[in-house]
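Scrolling down, you'll hit the structures one after another.
Common to both upcoming complexes is chain A, partnered first by chain B, then by chain C.
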Partner chain A sequence: MADTARDAPPEQTDFHELEDGEELFPEPATTQESQPASLAAEDISTNSNGPKQDSLFDDDPEDLFAEATEEVSLDSPERDVLLSDGPSPAITPITPPTSVITPRIGHTHDDMFTHSSFDEIEEEEGGDSFDIHISVSDPEKVGDGMNAYMAYKVTTKTSMSLFKRSEFAVKRRFSDFLGLHSKLASKYLHIGYIVPPAPEKSIVGMTKVKVGKEDQSSNEFVEKRRSALERYLMRTVKHPILLKDPDVLQFLESSELPRAVSTQALSSAGLLRMVNKAADAVNKMTIKMNESDAWFEEKQQHFENLDVQLRKLHTSVESLVCHRKELSVNTAQFAKSAAMLGNSEDHTALSRALSQLAEVEEKIDQLHQDQANADFYLFSELLGDYVRLLTAVKGVFDHRMKTWQKWQDSQMLLQKKREAEAKLQFTNKPDKLQQAKDEIKELEGKVQQGERDFEQISKTIRKEVSRFEKERVKDFKTIIIKYLESLVQTQQQLIKYWEAFLPEAKAIS
Partner chain B sequence: MMEEVKEAASVLSVHDDSIKVTEVLKDGDTLTFIIVSQKLSGTGEYHVDRTYEDFEWLQQHLFSQEDVPGIQGVIFPPLPAKPQVNASSRSIKQLGFLALGECQPYCKALETFLQQVAAHSILSKNKAVEVFLTSSDPPGRQKVKKNIFNRLSQAVEEMRKEGHKDVDEFFQNERDHNLVLTGCTKTAAEKFLDVVATEQKIAVACGHFSTALHLCVEPGEDPDKQAFSRVCVKLSEVFESIKKNMTSVAENNVNTLGLGLDLESRYQEAEREMLFRRTCKLVELENARRNTEKAKPVKKAAMEEVKKAAETEFEHISGVAKQEIERFQGARVEMLQQALVSWCEKQLLTAKESADQFNQHLEVFRGMA
Partner chain C sequence: MTSIDENSKEKLRSVSVDLNHDASLLIDIPDALCERDKVKFTVHTKTTLSSFQKPDFSVPRQHEDFIWLHDTLVETEDYAGLIIPPAPPKPDFDSPREKMHKLGEGEATMTKEEYTKMKQELEAEYLAVFKKTVQVHEIFLQRLSSHPVLSKDRNFQIFLEYDQDLSVRRKNAKEMFGGFFKNMVKSADEVLISGVKEVDDFFEQEKTFLLDYSSKIKDSTAKAEKMTRAHKNIADDYIHISATLNSLAADDMTANKKNLEKLSDLFEKFRKVEGRVASDQDLKLTELLRYYMRDIQAAKDLLYRRARALADYENSNKALDKARLKSKDIPQAEEHQRQCLQKFDKLSESGKKELTSFKGRRVVAFRKNFIEMAELEIKHAKNSVTLLQGCIELLKSN
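== the complex of A and B ==
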């Protein structure tokens, strides 16, 4: 969305408005000096929304990523987190954009990208408009038997300075895509970024391919997957933050990619289950979140509704695709019977006309097949993609609630400690008192951090949602235009066929 | 050479090609068809209302003209099967194309039947036809005497006769050819019906999708929401257009080629029945000849009589049959040509209209900034 951020002034003002607008929370913004030194390891930024080391390797039972295992796994919380091996191996943990309010933090990492928020990106990049096109092609079976896999060629064409070259290609397999998604999800989901979900795993589909069954259904499966992978990558790079992520760049550019440790990477089914667990967990905690911002409540409801509608539409389109395929089959059968009729016919001219009829019907059959494909690849997959995207959207909302809860927990703990300290004042235990005071200081820092985190994720989500909504409209429009073009083309083909057949029919007698 | 018929032959007083079944009235389970025909004298038209039973009455009368020589050699215009208001699935299957649409295909089929009867040189002379088309009272519902055409499933012995070798090469060829053609036509009609049924399913599915899209429209002033709602509304219109297109395509199919294949199929059956009757007569004749040869002198004269009668009948039938076949072959080619031409023209028109509509939608979407 970097392009829209650049091109559309209203959007920029939007950001600023958010920034300067009403505070989400009544508490005053924290400043640098109140930052306790003993806070979590490397991350001393005030408003950093980077992946805190503690949260990353936190074996907090509430850590929802504990659930993010292979899709056929049992959802046991004890299972060790198979988060992607954290951030990309070659580079130390990256800080995603920090807020514009504070200057860059003193990270010890020599990360390449220390972009601040969206605003700063615009200023820094100046003129590097969004111009990147990724295609996934040439599926190739590698290996034999059950260890075989499909390798896809990922070609990137771009003029952006972000990349070393303007056109390059690499070979990737499905688990690489899942691995990429897993890394992005672990870095960005919990701070409010809507990370596009990866395509679904399919045991049945892949087994057919592995076994070497070269039939129409396995070809369709490979095509469906190829298309889905392409859409996945395009969606990912359209996100201005994700585009610059080193894992993404490495995925697109480097010829060798370390194999994703576990192919039990975050699949969207896993993601869905994770989100559902999150929802359950949240409910179990009976969070009565004091939603001081009606915007979030309204948006959540809106997305619930949208989810329901999209699923309905998806079902509707699937039935349409099914009927179209049936029409193609029936047309082909009719064509055959017309040919037989033509052959049995004595009258020469009528016989010829009937044979022509059979040919026309065969051509129409092909049109029906093409139309069925358009129905499917354009609409059905689009709707499916958005249903899956919405799970990611719901995920970030749930993360916000979790962030809020964490903040509240810290506050309550602080309260208790303060009470305990007050009591200790009256006893004669100076070292215990000092300890209490120390703990309180630490907790105060935590509370402030919690609040900042909450503020940050709320802000991020607002931006993300706005971006999502705009993308959604653009996406749909683009697909619909493609679809209409296919419809027009079909009719024009039909016109040609009928115009060719008419003189044949008239010439019968 | 036509003998004097006992029943006064009548001359039909209407133009055969002016006969139209203009509408059908539903009253509970009863269907009444309104039939309009132009007077030959040019002084106006006849309006009559008839039920399906009246059509059957007419057909029975046509079948029972035993005194018309060679009547069995006539290829009788086929009457469509009985329509039912709340049709069972079996009856729908039997009716095929005629069961589709409101009643337009069925009415057209009845109309064709009447026109063909009225245009037939032998059949049109039957008084029943005049009565049927012009009498304001319903034709008699009295039971007509049993006729020679038992169209119910033929007994096994009868079936064996169908394969009986012919004495005339012309007829043998015609019989063989008819057998093949009947099968092919029936199959083609069935497959085409399947195509139409699927087209109708698609139309319905598009309607559902269109409706579902309206549910995505959300109120509110949020510009993004409005933008998406607009997209949904416009897309819904697109699918309404697709639905209309599919419906037209299906209708065109039914009203032209569908009806054509249906009529051809039923007519082939009618020819087959006629050929079978003639074959039965041939078997009868051959039996009579054998009996005459074998007969004892006492019975010989009687057998001779029977044999002679059979020979004459067979000659008449064959004579009429030959004429009918030639006429039929010409008529069916013409009918099929007309069906194919009007099918092609209608589909061409529909395709052009749809292309225009889709283009308009395309422009709307392209213009939606």
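== the complex of A and C ==
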């Protein structure tokens, strides 16, 4: 099977869909080492298709799935290395020794070892070796007018030996994040990995910032974006495979990053994306897959339901944020009004009490404001993130369908060719017959590959879904607890304020 | 659906200070019925006074009957020096009715459980409006019954006793126009009050104070109402959040199911507390301000009447001078002037008393309500903390 992606010019990645779940050029599963042993020597990285490579990775044409495949031989020394150390040894240029790459004859062989290899990776990642914290901070405006942009500082703190240093920072702009996502999506989505979606563009929001409006709403916009970018990066690195992707590492570490131009909404690439998205949507409707595995059907239904519910919840929480902000404004207005009333009141003690009430209400207004922020940044954004993540999850299921379709198509074509060949048997056209036989041989290979791809993506999805669900539950729990604690804090402050006011009220005589 | 038990009434009777001290005339509204737009109040009187035919009796009354009573008192010359308790406002069910309508329209978008809860909330809101209107009508009557002069008013007695339908048909177009005209004149009165040269320091101060305070308290009432409404909206949002969490829990097959159920339960309880915070704030703060806004208006009316009397007195002086100049009709002019002065003095004397006691009443009411509001806020916040912390513990322990 041709390794088509290898020589793909850099621009091609740019044309890849940014949107989750969509894919412009369905790449065959190029990264799998499920090929005859003849390719063993040729361990060319299939994933280093970013335009520029940091020098560190030039001589590391690593195959990210090397770790998936390296454990094939249980006695392989590499395996011990993998188990004992952090993930980094897996990345260091290891030309897999031929002993490791055994021909994939039986699928069961595949299942057992890829399965186990994932388990091991997850054990390591899920254990104490996963220690990385990324923060996005210090937004600063660079440039002027419509060409201006916000630059964010991306700081990584880690003890993982995957990285050169334990603490480092780089400057990135929004399109860099989009570019990173675009690359990851093009590499991993079509083989079943759930790639976290990047934060959404906002032409309105950004224009305000560019134009230089230094008001509260543009500050809020920048803060919202900063927070979203941070969550995006953390989600990405939490994924054990994505963490080790060279594009991710380059993004976090290298001081210079080539600009991802095709992420612009109004670029030709952007328009192409939109067209293809529409085409894909049509295609999706026409694929009728015979689902042999009830698990997938069940899960898809589950995610559909989850999507509906989360969207509903998100809407309710957004309404809550809105109302709480309203409450804050109204409280502030009342505070002012009460103060004026207190000034007007001619009974001294009552006048003082009214002024005190005004002060309390002013403090409470600030409390409501803070709570509204917690409502938003903790609860609402969590839900928004997961609504977007579910789109990626659904996309991965769609890719599986496409993979299946491809396999079926090859199978049907093979069938046709066989029939044609059978017919040719009775004619006296030896070269045509030979051609037919050659085509059949090629197609048989394709069908086999198609089946393997399908099995692989199915396997990957099972793993990914399980990881996703675990993450989701953990994520929700952590953030909900934080949110509830914010509510507790607000209430406790309220108690303090009112308890301070009570003696003032009692002092009226 | 609309009878109110004694317990809840005790809690409601908060805007004005306890007025029913005098056991010789006790009035309350134990029952009320809501028929479409009309509210029928059952006014119950218990009295030891011989001026009444029976010691214990009830009559049905409509809102318009209360208005009639108020207006006749206002128009009574003898009471010009008194602060006539403000008329209760018309029962206004527009807000909950509109919300009920919107809810009906949006029924398709929510689960059955959610719809039921929202409906319950609206019914509670409806009931709250209802209770408030009963309370405000009751207080009006109790203010009258506890006033040394007004309690003896003949029309008041008719109102309490007459067991036929009060011919409020009087209050038809003619009367309505009269009312409209009166209101128009009132705003001119503010100018009049501020224009009249005041001889008495006390009244000068009161005038300045009341004019300013009146506009400020109107503003505060409006702002407090907005604040309360936003609070209520938040409580309603929690209903939706709780319901959706419940749906999520139902679909969830993992260990997370319990967590979602707990969370849904928490928000359900929490929203009830938030709802109470909103309604308590409404009663203790917004209603308080609203009531005294109207009371201040009644006090201003007193000042107006006095200013009118002063103007009349000054005019009578001028007339007397003129009469003396012309040497014509002097005795009438003198009599007129004497009467005007008498009226003015009477108004001033009673007015001073009324305004002083008004201030006392106001201060006591504010104090009581502020204390109660603060105590309730503390209670609800403590409740909330317990609920929230309980849930956090449960979630963490899972």
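The rule is short, and it goes like this: the second predicted complex is superposed on the first by the 358 of 509 C-alpha atoms of A that agree within 3 Å, B and C clash if a C-alpha of one lies under 4 Å from a C-alpha of the other, contacts with A are read in each partner's own complex, and residues count from 1 in each chain.
Note that in this section a contact is a pair of C-beta atoms (placed from the backbone, for glycine too) under 8 Å apart; a residue touches a chain by one contact, two chains touch by 3 or more.
Predicted, not measured: the structure shown is a model, and the values here were computed from it.
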Chain B and chain C placed together on chain A: clash or fit? clash
For A:A422, is the partner it touches chain B (first), chain C (second), both, or none of the two (neither)?
neither
Query = Looking at the overlay, what does A:S466 touch: chain B (first), chain C (second), both, or neither?
reply = first
Inset, instruction - Could you tell me if A:V211 is touching chain B, chain C, both of them or neither one (first, second, both, neither)? - result: neither
Inquiry  = Under the stated touch criterion, which partner chain does A:M146 make contact with: chain B (first), chain C (second), both, or neither?
reply    = neither
Inquiry  = Contact-wise, after the overlay, does A:M412 reach chain B, chain C, both or neither (first, second, both, neither)?
reply    = neither
Notebook entry, point to check: Between chain B (first) and chain C (second), which, if any, makes contact with A:M289: first, second, both or neither?
Noted result: neither
The intersection of the chain A residues contacting chain B with those contacting chain C is 302, 305-306, 309-310, 312-313, 316-317, 319-320, 323-324, 326-327, 330-331, 333-334, 337-338, 340-341, 344-347, 350, 353, 357, 469, 473, 476-477, 480-481, 484-485, 487-488, 491-492, 494-495, 498-499, 501-502, 505-506, 508-509
So, in the complex, the side of chain B touching chain A is made of residues 177, 180-181, 184-185, 187-188, 190-192, 194-195, 198-199, 201-202, 205-206, 208-209, 212-213, 215-216, 218, 224-225, 227-228, 231, 234-235, 238, 242, 245, 329, 333-334, 336-337, 340-341, 343-345, 347-348, 351-352, 354-355, 358-359, 361-362, 365-366, 368
Listed in rising order, chain C residues that touch chain A in their complex are 205, 209, 212-213, 216-217, 219-220, 223-224, 226-227, 229-231, 233-234, 237-238, 240-241, 244-245, 247-248, 251, 254-256, 259, 263, 266, 270, 359, 362-363, 366-367, 370-371, 374-375, 377-378, 381-382, 384-385, 388-389, 391-392, 395-396, 398
Residue positions on chain A within touch of chain C in the complex are 302, 305-306, 309-310, 312-313, 316-317, 319-320, 323-324, 326-327, 330-331, 333-334, 337-338, 340-341, 344-347, 349-350, 353-354, 357, 469, 473, 476-477, 480-481, 484-485, 487-488, 491-492, 494-495, 498-499, 501-502, 505-506, 508-509
So, in the complex, the side of chain A touching chain B is made of residues 302, 305-306, 309-310, 312-313, 316-317, 319-320, 323-324, 326-327, 330-331, 333-334, 336-338, 340-341, 344-347, 350, 353, 357, 466, 469-470, 472-473, 476-477, 480-481, 484-485, 487-488, 491-492, 494-495, 498-499, 501-502, 505-506, 508-509
